[in-house]
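Chain nomenclature is as follows: A, B and C, assigned in order of appearance, with residue numbering initiated at 1 for each chain independently.
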Amino acid sequence: MRIQTKTDLASLACGLTLYALLEGLILADIIPPYWQLNVIRVCIYIILATSLNLINGITGQFSIGHAGFMAIGAYMSAIMTVKLGLPFLVAILTGGLAAALLGFLIGLPTLRLSGDYLAIATLGLGEIIRITILNISYVGGASGFMGIPKYTNFTWAFLLMLFTLFFIKNFVNSTHGRACIAIRENEIAAEAMGVNTTKYKVLAFTIGAAFAGVAGALFSHNFYMAHPTSFTFMQSFDILTMVVLGGLGSMTGSIVGVIALTGISAYMADYPEIRMIIYALLLIVLMLFRPQGLFGSKEISLRIFSRLTGGERRGAAQGN
Amino acid sequence: MALLKVTKLSKIFGGLKAVSDFNTIIAPGELIGLIGPNGAGKTTVFNLLTGVYAPTEGRIEFDGAGLAGLKPYQITQRGIARTFQNIRLFSELSVLDNVKIAYHFHVRYGLAEAVLRIGRYFREEDEIEQKALTLLDIFQLAHRRDEIARNLPYGEQRRLEIARALAAQPRLLLLDEPAAGMNPQETQQLMSMIRWIRQEFNLTILLIEHDMSLVMGVCERIYVLDYGSVIAQGTPAQIRSNPRVVEAYLGEEVH
Amino acid sequence: MELNSFAQQLVQQLINGVSLGSIYSLIALGYTMVYGIIRLINFAHGDIYMLGAYVGFFCTSILGLSFFPALLAAMAVAAVTGIVIERLAYRPLRHAPKIAVLITAIGVSLLLEYGGILAVTPQPRTFPAVFPARIYTFGGIVVNSQQIVILAVALALMVLLTYIVQRTKIGRAMRAVSYDTDAARLMGINVDQVISFTFGIGSGLAAAAGVLVGIYYNSIDPLMGIMPGLKAFVAAVLGGIGIIPGAMLGGVIMGVVEALVSGFISSTFRDAAAFAILIAILLFKPSGLLGKNIREKV
């Protein structure tokens, strides 16, 4: 069997074991309800952070409008379940597809911009999405979309997270992912090497948006409601902070970033201002002393462990 | 049958004629040099050929088909690859990955196959890796395969750029100052390598160079550009004795 | 009659728009000068404006100062804060990747906002009426004394800024650094000092805008800088980022559009209009109304 397949299966086994363990602890009520909620939050934010990382870290396109796509997923899926009475899975898929479609339509013209300009444009688009939702009374307008059933549970959140991680990991380790990385590294050289840079920027943006939509669906079905204030650019900054903390371009870094910041949030829930100040100081200090984030663009992987135990060194070349 | 035919090519930047009335016909297998003082418009010619700039006037035909309106990546896919004067490697990636990326448009497996790792995914990935390693071997970079490109010494970075351009499997290779920053010994090696890859990969090569020993040593025909216009063309011997060239290079030695 | 009342409302909204717009212009100037000189979107700039509003508030309501001393105090405190922020947070990153500096700016912004909440509570404060609120009516069009003060102060500050940039030694140095930092350094210009000065001036102008907004809306809160900050940035982009007259023009256009949208469509779409302008300008003329196009050298 191939090494890649082997490590894939090993990671899958690890993931499922972790799932079984946590689900067991939840069922046995050993994890208190407050922390159960936070475990689900972690799963949702891992989907958000890794999908934003695909756009920002892997493809190097600085987007700070992720909350907009999350909002699309949250509201579209709620329309499916509340207004149309469709099953949750259909709602999640619709949420993801709607966000992807919008990501595609927005990405096509916007991704001609670069750097600061792209950042500010995506921020603006995210806000436009939110303000538009705010003005649609069909979905509750400014008072929010009420009465959304709580379908999200640990199983949904964890399995979708696992799916996202495998999807993005495999994407990044293919010729398509390499094309995206090439754009990040040097757009002119990528184009000169035959990479259709527009296509791959839009593709990464669309995939990122799709997963943000999926996360949005999980999000709105976790809190009984969807409210426009959940999707301001502060939400986008939150996700960005997690990605940057872990290291732009590092998927495992994003996971660590999510766990660390969700942990801080959970502990500081009673002191929201201090929580934000810690966030802010963390960002500043991190940029001053370790601008590449905790892990840079490197991955922590099972291969490191297998190498420690004298495993193959062949796989190491597969870096990201 | 010409591989590349350029007629009356001009490029004007806000009133400044960077290239004016550039004509050439290059047959398959030729090795052509493009020389001239700094700012003569040599790199602009490359940028026009590769679609980075749209010509103000003129026509570029590659293998019988016009290139007008094509994006750089489409021109690369037609069979023109290049290196850059100011090296443009994927500097944070490994040497191997740098080369692998250039195989991109030869890969046929789709998004679903990549994500699910089915179908052609593994077969084609293996193929790319093998081909990339073979190229690295040729350029004596195989032992560096896992090194980050940025950490290579200058001469090796230049070689890697050529290797990467070859991975795109071009028929016409454009080299922009391949010997810049190399010592005489490295330049000698580069010369024989250029000759050898032309043979081995069935290439036509157009190169810009300041190092006269290299240009005179390997090129069969030379164009001399000054202020955007061709002031002389011919064999190395003809160029060496051309008074206009000597004048344009006043102060610079023409060996 | 129908048409007449429409025209009347239009003029009214234009007047409201220009007053609001001159506030945006003052903030936009700081964005544009800082961007022009170190290519940084200083996300914390809107929060400096908030800081200015609070200093103005404390000077007038607690120290009992009158308008002009309070305005000057706010500008001075903000200028010092701006310079300190640049020194501590941005200068060490002068050669770092752009994204690192941008994220630092986001961090500084969050720090000012939530530090502000911690210091003065999130409750909005009522700005004291430093001027007797007079209302002048000209044929059905209403102008209040606050609007006149705002316009007068904004205009005076813009004239002063233009004088500094065009006629003084430090202004010449600013233009030189913004044109080519390395060449300016080689010409013996103390680049760090010029950058500090730019942050100082930009922050001072934002603080003035903060005090003026306090007078205009009578209400200030620690998160008040977010939206106007973003809109002022849009104004800077609209006028052509890095171009000083562009920021003034962009600010006024933003104010007018906003007033027209709230007056004739709905105030809930006010903010969306600002971002729609942003997207449109980025897509069709990213160099801004007064800017020139540039592209990367290959």
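By our rule, a contact is a pair of C-beta atoms (placed from the backbone, for glycine too) under 8 Å apart; a residue touches a chain by one contact, two chains touch by 3 or more.
Model, not experiment: these values are computed from the prediction.
S.K.: Would you identify the chain whose C-alpha centroid lies closest to the centroid of all protein C-alpha atoms displayed?
M.R.: A
S.K.: Of all the other chains, whose mean CA position lies farthest from chain B?
M.R.: The chain farthest from chain B, judged by C-alpha centres, is C.
S.K.: Using Cα averages as centroids, what's the distance between chain A and chain C in whole Å?
M.R.: 33
S.K.: Can you compute the centre-to-centre distance for chain A and chain B, using the mean CA position of each chain? Integer Å is fine.
M.R.: Their C-alpha centroids are separated by 40 Å.
S.K.: Between chain B and chain C, tell me the centre distance in angstrom, where each centre is the average of that chain's C-alpha atoms.
M.R.: Comparing mean C-alpha positions, chain C is 49 Å from chain B.
S.K.: Mark out which residues of chain A touch at least two other chains, giving numbers and ranges.
M.R.: Residues 188.
S.K.: For chain C, jot down the residues that touch at least 2 other chains.
M.R.: 298
S.K.: For chain B, what residues touch not just one other chain but two or more?
M.R.: 52, 84
S.K.: Can you tell me which positions in chain C touch chain A when the two form their complex?
M.R.: It is residues 39, 41, 89, 92-93, 96-104, 106-111, 113-115, 117-118, 122, 230, 233-234, 237, 266, 268-269, 271-272, 275-276, 278-279, 282-283, 286, 296, 298 of chain C that touch chain A.
S.K.: Going by the contact rule set out above, which residues of chain B touch chain A in the complex?
M.R.: Those residues of chain B that touch chain A are 50, 52, 71-73, 76-77, 81-82, 84, 88-94, 96-97, 100-105, 107, 109, 111, 114-117, 121-122, 124-125, 128, 145-146, 164-165, 167-168.
S.K.: Which stretch or stretches of chain A touch chain C in the complex?
M.R.: 62, 109-110, 112-113, 115-117, 119-121, 123-125, 127-128, 131-132, 134-135, 142, 188, 237, 240, 244, 248, 273-274, 276-277, 279-284, 287-288, 291
S.K.: Give the list of chain A residues in touch with chain B in this complex.
M.R.: 2, 4-5, 8, 166-167, 170-171, 174-179, 181-182, 185-186, 188-197, 203, 297, 316-317, 319
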